[in-house]
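Read from first to last, the chains carry the letters A, B, C and D; within each, the first residue is number 1.
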């Protein structure tokens, strides 16, 4: 039996604040298989990045995992201690951040940053690491990689830097990549290239990818499956084609409708009334109910609807006809 | 780079000239040197004669340019008080101040950076918080009082360390050093703590806040996300970036150390240029005051320049900006 | 080779310095020059008294005693003084001391470039009679002449010429500024201005050695607390001065001893006798109340001198009623009584003078010249305020103070005066005589006090040889000054030295520290 | 952290939130609360000194010299008077002197910081907003000022002021000169921070928009940019206050401080250190402890404020 590369079970992250405990990630479960790209989508504050940070063990205190389990390649990792977790980072889980301009240490040559990462995780010599660094840069499409290893980050353009970041994330050959809004800070013309690069590299290596984004275009283009998050909870989870074309959750539906891509040909964009609740004021029951045109009393009180097999977290999932 | 340095020196020189002029205009308010040069039984005629001899009857602008004329040729005049060339006196006194400043500076930098890094990494630790609060005591009392209290405790009550002076010094080709004798080293302890404490606190707090700032940066998170060891993250990545702004301040603090040496040297009767300056004020020894201010200014300009050049080596971004020319 | 020399130097420095009779002492002011004729100040002359010698010197009780002259006598009816010189005396460099050196030193010390020329104002001519006899001719009979030149030091003429130091040079300095060649009991072996000065006994000294010092080192320490700490911790053997407030505590300390004497310096208040108006008054702007003797007397009555002595001076000073202390020649015992502390009397006098409600004015005061000068002025401010004299106190460092006084920027000022000649004539000449450039009198009489009878008496006092007649004239002058309250003398500043308990020494009232009277046990 | 809720509510609500956050962290920090209490007590004591102090130490006519050197809580040997914290060499009640001295120290400190703040903010705003030659001149002056040690600047100003002040006013001059000297040697860090923030804010859309609709530069600087730099300025001001109080003490050691007839805490310490060895420990100890408590509390508050507001301090 093959394990999924990553398996998240009922994961919750809590932050104690003076207004009580807030839960930016609340009972989230999903798997990612080898070579699969899972898109995690949602508005700002929906808990997408927080879940990613929880997986790689970089939650900023006082945020912490309160319940749930995280399994990586059959090993439970949410309870690992500091150093054991550190060994996993980079080696088993790579991460790509949003802004390539700030992700690279401005004072170190990119070659040094690459070799440093490899030497930390791989039993290779320095000269071997230097060789691999050039190869890694070459692989992500940096022209003249042999010379460019000695360059400093500021000598690259934004797109090139994101390629360097990807090379860094992949250089110790992890089995999972968490890409947190990897294209948001880039020019539109470069975005597609980076997505294509990420996709190609992961397909080639069989790396699982958690692609966190709020951009439905990226989702449509790159992912195999998609998880929609709202107010820390999973709203809907399914193959990208199903979710995009037959959204079951009214929120997903609204999200699709408000995206130019999904509303091709329509003259005006749909808008979801209201705003996502603040995390310290998540309403009872279904968190989406104040904005949902279909909400009933059932939605307004506990229990909270959860995603089940092939079923969105909604008491009244939409059927096809309701798509505008 | 060279053009930049030359421009910097040019600007600084202009500023120095202005500072010098302001300083010179101040001298006549410091007091009148004549009374210290003449005894109890002087007459009004003696006073006028001596004043004319010293050129003090001329407008201060004229005095200033005369001073500049000499200074350019390395001649700072003759001390009213000691009747010796000022340059000679300054050279004689400089080693004491420089050694004191060096020891205090090194203490301040070493402990300041170490404690700053520690308190930043252990941000919420009990010990770190205690160090942060305790360090404020050092900057909440005036330096002179700290010095006097140290003397009281370690010299008078405990008798461990000398209460004043430099101890035995050894002359190494014109440079008198206190580093080579036991009494010289002992004599350094209290003054360098007194002088370095304030700067250490400043450096420590600055390093801490800069480090905290850096630790929140994406590239640090990225470095952690790559599984780099804490030591590599904290020192190789974070500390190096922390040092960029810290170096400027350290440079300025080195200057401040030399200036604050005035107080420490007075309290410990440390025979350096600071004490010389205070004595010069007391006796209205204008040539010494002028030369001291010039020396300090030149030193600061030098330190500033050095800091800039150091920047250049630490931060590759600047290298690109500046070598690119304007 | 070079390295080995350096190593030797280092080793020598690391080796413990010679023990035994090393004597370390600290003063608050470094002697600013080693030239005995360049600066006339106590720190310089006091220090150089150990290195250079004069024809006469003062003993432990300030009496004039033979030094380089073995005897002296007046010439004729007061035309001058004849000095018989000591034979067989050599300078530190081995040169022999003769009358030539005396003549040379006279010329050097009386030159315009010298700060000591006023000592020789009465001298018309110096005649070398033979190698060991010198005559000093004076313009008028001068009974106190030998005593007045006790601090005049003899320099070797040959040494001065060879080293191009025939005249003192205050502005630029010369060889004699840093180097010495006297006949005294000690020679300077190292001189670092402002840092330390090292003395060693002169083997060839003519006198009988009383001390047991093998090496002595002087360090200036300005901060009083640091100096005291140095004494308490044993880093130095002797400090001068001891802050007055620490005397009582030091006396309890078994490791140190306090030596206390009365200094010659009288602390007094001065007035702007000549001014037309007050400078710092908020309401009395059209008159100068201090021109009225009753106001000056009111001031004298308003000041509680015993309280100042009790608290600020901690019982270490004595009240005084005239411009010289009782230890000086010419002191007038009959005038010993000070105006009593009497606030009612003070108010009465003010009312009589037309100021029943008092007035406001400015009091200038130095803050680093006399013992606790600032505290004394503060206290005076309070006392005067209690009788309606509201002083605004402006205390400043002495380098700003004298220019202020010279510019007449005061309504009242504090002054200390120590007669260099130890004679009552000295303050009359400098403080009481009407200022006169030509006669070289009244040069410290800032307030321009003027009394015809005093001006008349001064030259007579100076030339009177008969001690009784002279004293009568001094008595008369002192009476005038006290009646007119030209100054308000308050107390004589104490002299407080601190020593480690293994030291024995003698304190002289002129604050000169004589190293040859020191014994280290 | 990109998906943490950042309220996009109007500015006033944001400000309110910041303030209530401040209050919240304040309540959770015992150090901050104790420091604030100490500062409050000391400031109130200083402000109401004339009401609290048993005597007025600045009134020379009320002093009895015979009360000098009375130990705390013990009757004077001559007058029988008793003083809570003893008396100094002038017979002044140490407790009253501390209260009045603190008034001067605080006044000098606050006024100097205020001067530095106004000067620094103005010059910082101008140099950041206007740029060009104006900026070069201002910031170069700031560099020089930074390189020149503050105590020398202070002594320089003191010297000049002494010379140019008319003789009649020289007595009241000392305090104003202290303010000027400390303030002038302290404006640079305000200017630097404000300039940096101005450079950032100036290019933000709302400022661009304000410019487009024809707001004057002055109005833009005051209405839009200034509010954004206030929290770092507040932190610097707090820490500067502590430094200014200490600087005043240091200057009085060098003889350029408040006059002894109207002593500040620094002057009291300078006077008191003369009695360290003589046994009258109370003349030094009480003012020193007061100064320590004051400066330390202000420092701790500043420290807490810095962490609470977490501004980028440069």
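The rule we apply is simple: a residue touches a chain if its C-beta (ideal position, glycine included) is under 8 Å from a C-beta of that chain, and two chains touch if they have at least 3 such contacts.
Computed from a predicted structure; not experimentally measured.
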Next item on the list: Find the chain most remote from chain A, comparing centres computed as mean CA coordinates.
Entry: C
Notebook entry, point to check: If you count the contact pairs for each chain pair, which pair has the most?
Noted result: B-C
Notebook entry, point to check: In whole angstrom, what separates the CA-based centres of chain A and chain C?
Noted result: 89
Next item on the list: Report the inter-chain centroid distance for chain B and chain D in whole angstrom, where each centroid is the mean of the CA atoms.
Entry: 24
Check: Roughly how far is chain C from chain D, going centre to centre by Cα mean, in whole Å?
Finding: 45
Checklist line | CA centroid of chain A to CA centroid of chain D, Å | finding: 50
Checklist line | Where chain D touches two or more other chains at once, by residue number | finding: 162, 273, 276-277
Margin query: Can you pull out the residues of chain A that are in contact with at least two other chains?
Written below: 98
Margin query: Using the touch definition from the top, which residues of chain C touch two or more other chains?
Written below: 225, 229, 232, 368, 397, 400
Next item on the list: Can you check the complex and tell me which residues of chain B touch chain A?
Entry: 217-219, 221-230, 232, 236-237, 240-241, 244, 314-317, 320
Notebook entry, point to check: Which part of chain B faces chain C closely enough to touch in the complex?
Noted result: 30-33, 35-45, 49-50, 53-54, 78-84, 89, 92, 148, 151-152, 155-156, 159, 162-165, 168-172, 180-182, 266-269, 271, 275-276, 278-279, 281-284
Check: Which residues of chain C touch chain D in the complex?
Finding: 224-225, 228-229, 232, 243, 245-249, 279-280, 304, 307-308, 310-312, 362, 367-368, 372, 374-375, 378-379, 381-383, 385-386, 390-395, 397, 400, 409
Next item on the list: Mind listing the chain A positions that touch chain B in their complex?
Entry: 56, 58, 86-91, 93-95, 97-99, 102-108, 116-117, 120-121, 152, 154-155, 165, 168-169, 172
Note to self: So in the complex, the part of chain B that touches chain D is made up of which residues?
What the structure shows: 11-12, 15, 19, 22-23, 25-30, 132-133, 136-137, 139-145, 148, 152, 156, 205, 209, 213, 245, 252, 255-256, 258-260, 262-263, 266, 278, 281, 293, 296-297, 300-301, 303-304
